[in-house]
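Heads up, the next two complexes both have chain A, just with different partners, chain B and then chain C.
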Partner chain A sequence: MTSTVTAPASALAASQPPARKRRRRRSTPLIALLLGPAAVLIIVFIVAPAVYGMYLSFTNTQLTGFAARSPKLVGFDNYAYLLTNADFLSSLGHTGEFVLYSAIIGQTVLGMVAAILLSRPWIRGKGIFGAAILMPMVVPEVVASLTWASVLSNNSSGTLNLLTSFFGAGSTDWLQVVPLASVVAVNIWRGIAFAMIMFQAALEDVPVELIEAARIDGARAIQVFRHVTLPLIRGPVFLYLLLTTISTVGAFGLVYFLTQGGPAGQTRIAAIYIYERALQFSQIGIGSAASMILLAIVLVLGLVYVRLAKVEV
Partner chain B sequence: MTSVAVKPVSPPEVAPPQTFRRRRLTPVAKMQRVLGYTLIGLLGLFCLVPFAWVVLSAIDAHAGPNVQLPTLSFENFTRFFTNSGTPLLLMNSLIIGIGATALNLILGLAGGYALARFEFRGRRAFMYGILLIRVIPAPATIVALYLILVNLKLTNTLYGLILVEAVLQLPVTLWLLKGTISAVPIELEEAAWVDGNSRFQAIWRIVLPLVGPGLGAAAMLTFMGVWGDFLTPLVMLQSQELYPLSIGLFRAFSEHNQVDWGLLAASAIVYVAPPAILYIFVRKHLLRSSLGGAVKG
Partner chain C sequence: MKRSRVIGLLAASVVAAGGLSACSASSNSNSDGVVNISITEYQQTRIDAVNKLIPGFEAEMKKQGKNIKVTMVADVLTDDQFKTKITQQLIAGQAPDVLDLGDSVVPGFAGAGYLAPLDDYLNNWDGWSHYYPQIKTASARQDGHVYDLVHETGVQNLFYRKDVLTSLGISTTQPATWDDLLARMVEVKNKTGGTPIVIPAGTAWGGSTWTEGFQPILGGTDKNYYSLDTGKWDLNSSGFHAVFDLYSQLFSKGLLPVQDLQNPNPWEPTKYVGFPAGTIPVAAQGTSGWKFDWGPAGKAPIPDLNNVVDTWQYPGLRSGDTPYGWSGLGFGFGIPEKSQHKDEAMLLAEYLSAGEPLADQLVSSGAASPRDDLADVKPYADEPKLIAAGKNLASSVYVPTGDGADQIAQAVAAATELIISGTADGDQAYDAFKKDATDLLGPSLIK
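The block that comes next holds the complex of A and B.
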């Protein structure tokens, strides 16, 4: 008798606070069983490296050599070394240029152009154009780099050299002569699609009535964009800038595949510097300190964007 | 008012009485359209042209580093599958990709269920914590991760890489599956309990069939992330016989003196195929579930 009464009652009581509290106490082992493995693994493989990296950055840990035997705490020595090291400072500079030209300017402008054009009602073949722009993003990093290796080939029949020869220019070894501009172009190419998707979603939320009203009041298309559309999609634009900045600061594969940081360190962005220091020269301490500086820069940039966007987080 | 006035004008575009069109398209509007098509066409070309070499060289028996008209043959692909090293690359990539995705989904499903169905202290903090942690760029933690893995004796093994890759993609999977599971009414599960099912039976019989789309989306995102990852296998694997396609392609490309361009291009096509097939397969589900997940938070 009692069981038939209590079973539905406990089921029904799910939404009532007291019953839920009781259930919570009983379900603690169940939660631990379900969420425990995921939480532990996330802590071991994602959280711990970040914390451990911070610790390592204050030590002179090495993988080889004398210091490998007994790593010692060295305080801020690694940081002091890095902040006076020309190679590291120039790698930060390269990262800055890389992010500014490829992500903040190139991808944003071209992605916005693509999103606006594909939102025009008169454009035909939206599917084809959209798919074409999407292609660079969906292929793996390595394939994306490989396609450009041929475009930027130093050979006189490399794709880009063929194009410039139409204008009478001689063939150039693009990855040697303008290495940073080349990898910036490659990264723009890869990121247009993400910008386009983000902006398309934002543009869909702009009420058509506002734009029509502005047009009737005599505003030109550019004025409408500047004074009506842009303020309305401010939030998504800054969210996009935040996301793309984070991922571009951490860019590694695309550049490493094409140039491996060269020639003469001209494309050695911070991620490549860290990789070289820590895993090729085995200077874990210095590599970790460089990681922490990079991380600090990302966090500061993130805060700036959040402030500029006036987004509640 | 305005929208009512405009609407009757736009349908004639489909079945055009000439007078309407001519009046609507002022020279300025025409200029805008020409400019618009030119711009979008150039953008499309910019995005597609780099692929020309890979596609053309893959089916060219005498492929070189540059774009040329192919002498049509599938020799490069047969060489890819009969060569001594290359099938192993594909095999490793598949083992890593499928293994990591499966592990990721199991962990994600269990964790997502706990996050969706139980109110416990620290739940929100955990959710936002795993979201925020993705802000950290991968190269910034790879060094410490490598040392931890060395201590756990997980470097230079496939199962170690599978474990790491599965966990690196776990935050997204947890968010996605938490959203989809929350969208399944708890009443359905309660009905199953009343009918005598245990908690796990109810999950298996009721929840799992209903979160199919979300599971598919999570599987696709994870698989694509793992399949395309370059940095983690580059750091973790030292033995050549463990390399996945991404590292194999890189090594083959960076031997500057003797690159087998045809084989390289064919490998690239093989490398792109599985995620492309998966994408086409799951696309419909992805759209539906990501919207559902977004609404439910």
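The block that comes next holds the complex of A and C.
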């Protein structure tokens, strides 16, 4: 029988052989060298633009017109303007609906269902099923948009109109009649694969013994999921919610290609509003302020998720 | 350890080399004296037309002892997409040496200092003396300088399907007033059940809602909404309210294709489908309709175009107004202030704005000549509709504007969107426009 004595960390460090210390000192420049390029890129392309964007949000910077020659600091004027501007507030509302229906409800719930189904041993053709769900993720955004524009086309040869015509329905302009529902459906289709992958990995980590014990105790499948599985995968679920919320709030291409924010602004989510203001109408100051407001909202949502999940980020 | 260092150094070298190569500027002037310049076009017809002319320019320059090579930067885009792209390039100093710009973007670019003033070049160019005086006057921007060499122009009118209206028993004579025209359109609607007239409106049509929809009607009834002298917009000018009322009437009588107007690319189902099919028999349109839109090689060709389509001038809107055509400067060649080859770029702009090269372009894009010496130059000489449009320029209406036109366009688009979506009438749309425009323009640009 042997006994182990735990030495204090300082004592351990003091007892480290000088050769290891020298090696660590020698490797420090290498670590700096390896991290340096990434750090420089992050500072140049992420941190600096974000700081500059924040500065611009306090100015009346425009890209065209005489005002472009001499931008001035305007304090919180842009923020005050946006927070009382019906179009901007409406775009935030549309963004909230878009995130809620497509990311939080659609992608998360359907991704979870797909992950659970694929984890069942009795399911046949898992490979085909999994590939079909994964496919939207590998299709480039523009291709996906054009494909869906064809599916939702208002003429009789549009795929959805062809399908509904089998039931005697006439042609419908889906992007005009139900624009938000259409872009929500497309975003669910596109994001479900990532949700499924994350949830599949999480489900594999749930100990089988716990589930079997619950079943022996008489729990039904729903009860097992609600009281055993879900609490154990809460971390990955909230992590996914965090990631999908961030990416969906910033979604632009998919919606812009399909509707350009129309009709009548019904799909003008915040990213499209910012694009219109900053680049189409050249009002960089207002566009930057709108971006900062959106960033603040995403940060608050992120903190809420992290708090709920108690995930260390 | 040694291996790690080698990998680290290699990674750093790759990043550094990549960064340096990205920063390096490509030289556009060779040691053998060749000057390389570039020109950009974003509409396929203009790309094709100018591409054909580049060899002629290079040969002409060679004769004069100048070795200039021209590269076409072609990118087919919509007006708004092009404006977004070229704005970034102008700011970065990366724009091509010659820009073919729609008139609506020139005041904003000139105001921001992105374009070089061309006055000195033009005063030394004999071609400038052949420009119609009203074109020269309109080319002078808010600060009195000329920033683009206009090479095509046109008159905005109401194009109508003569065959369709005749078969419906609707008069095709020039309507004297909008009341007269509205009554005819209601008659068409009652007989066909369709939406008989398209005028750009709403946000989906972008800046053209202002330049091709609202402004031509406004300018015919009110010329005081902008003052070049003060550089200020008068949002209380009486014409604004009258035009919003007209849009409201068009909506409430069910005459506008509101669903199409609210879709992306609203010109496609209206101008390129409805008008050629005859289901929308009246459309606000510039001279380019004869070629670019509905000509044999246009976007949506209409067979026997010259016989089945004709034009009305805009009717009078208010008491005392008479019918008129609305002229626009169309497109002009601008040169970036940061261009390193302004002299050579101007030579190209001048070459493309005179004689046969100009005639070729005008026929391709369906535009009228801004010059008085082109009526006998082929192939323009074979285009009676374009020549007639050129003659009409003298009697047409134009109100030059300056800084703030983008913001006005934005506010008009948003306010007309309220009308066509059924959420506002003329009064409410005008109120929304005034509030929006006041916010966007700021006090320095409002009377």
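Please note the rule applied: the second predicted complex is superposed on the first by the 273 of 313 C-alpha atoms of A that agree within 3 Å, B and C clash if a C-alpha of one lies under 4 Å from a C-alpha of the other, contacts with A are read in each partner's own complex, and residues count from 1 in each chain.
Just so we're on the same page, a residue touches a chain if its C-beta (ideal position, glycine included) is under 8 Å from a C-beta of that chain, and two chains touch if they have at least 3 such contacts.
Only a predicted model underlies this, so the values are computations on that prediction, with no experimental measurement involved.
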First, second, both or neither for A:Gln260, with chain B first and chain C second: both
First (chain B), second (chain C), both or neither touched by A:Leu175: second
Contacts of A:Pro121 with chain B and chain C, given as first, second, both or neither: first
Contacts of A:Trp148 with chain B and chain C, given as first, second, both or neither: first
Chain B versus chain C as contact partner of A:Gly106, first or second or both or neither: neither
Contacts of A:Pro37 with chain B and chain C, given as first, second, both or neither: both
Contacts of A:Tyr81 with chain B and chain C, given as first, second, both or neither: second
Between chain B and chain C, more extensive residue contact with chain A: B
Touched partner set for A:Ile133, first chain B, second chain C, both or neither: first
Contacts of A:Leu279 with chain B and chain C, given as first, second, both or neither: both
Doubly contacted chain A residues - partners chain C and chain B: 27, 30, 33-34, 37, 41, 260, 279
In the complex with chain A, residue positions of chain B that touch it: 2-3, 6, 10, 13, 32-33, 36-37, 39-41, 43-44, 46-54, 57, 65-68, 107-108, 110-111, 113-115, 118-120, 126, 130, 133, 135-148, 163-164, 166-168, 170-171, 174, 186, 190, 193-194, 199, 224, 227-228, 230-231, 235, 245-246, 249-250, 253-254, 264-265, 268, 271-272, 275-276, 279
Footprint of chain C on chain A - complex, ascending: 23, 26-27, 30, 33-34, 36-37, 40-41, 60, 62-69, 81, 85, 87, 173, 175-176, 258-265, 279-283
Interfacial residue positions of chain C with respect to chain A in the complex: 1, 4-5, 8-9, 11-12, 15, 80, 83-84, 87, 91, 105, 107-109, 111-114, 142, 202-204, 206, 259, 262-264, 403-404, 406-407, 410, 414, 417, 420-421, 423, 439-440, 442
Complex contact set, residues of chain A against chain B: 7-8, 11-12, 14, 20, 24, 27-28, 30-31, 33-35, 37-39, 41-42, 44-50, 52-53, 56, 61, 110, 113-114, 117-118, 120-123, 128-129, 132-133, 135-136, 138-143, 146-151, 153, 155, 157-159, 162, 189, 192-193, 208-209, 212-213, 216, 221, 246-247, 249-250, 252-253, 256-257, 260, 270-271, 274-275, 278-279, 284, 287-288, 291-292, 294-295, 298-299, 302
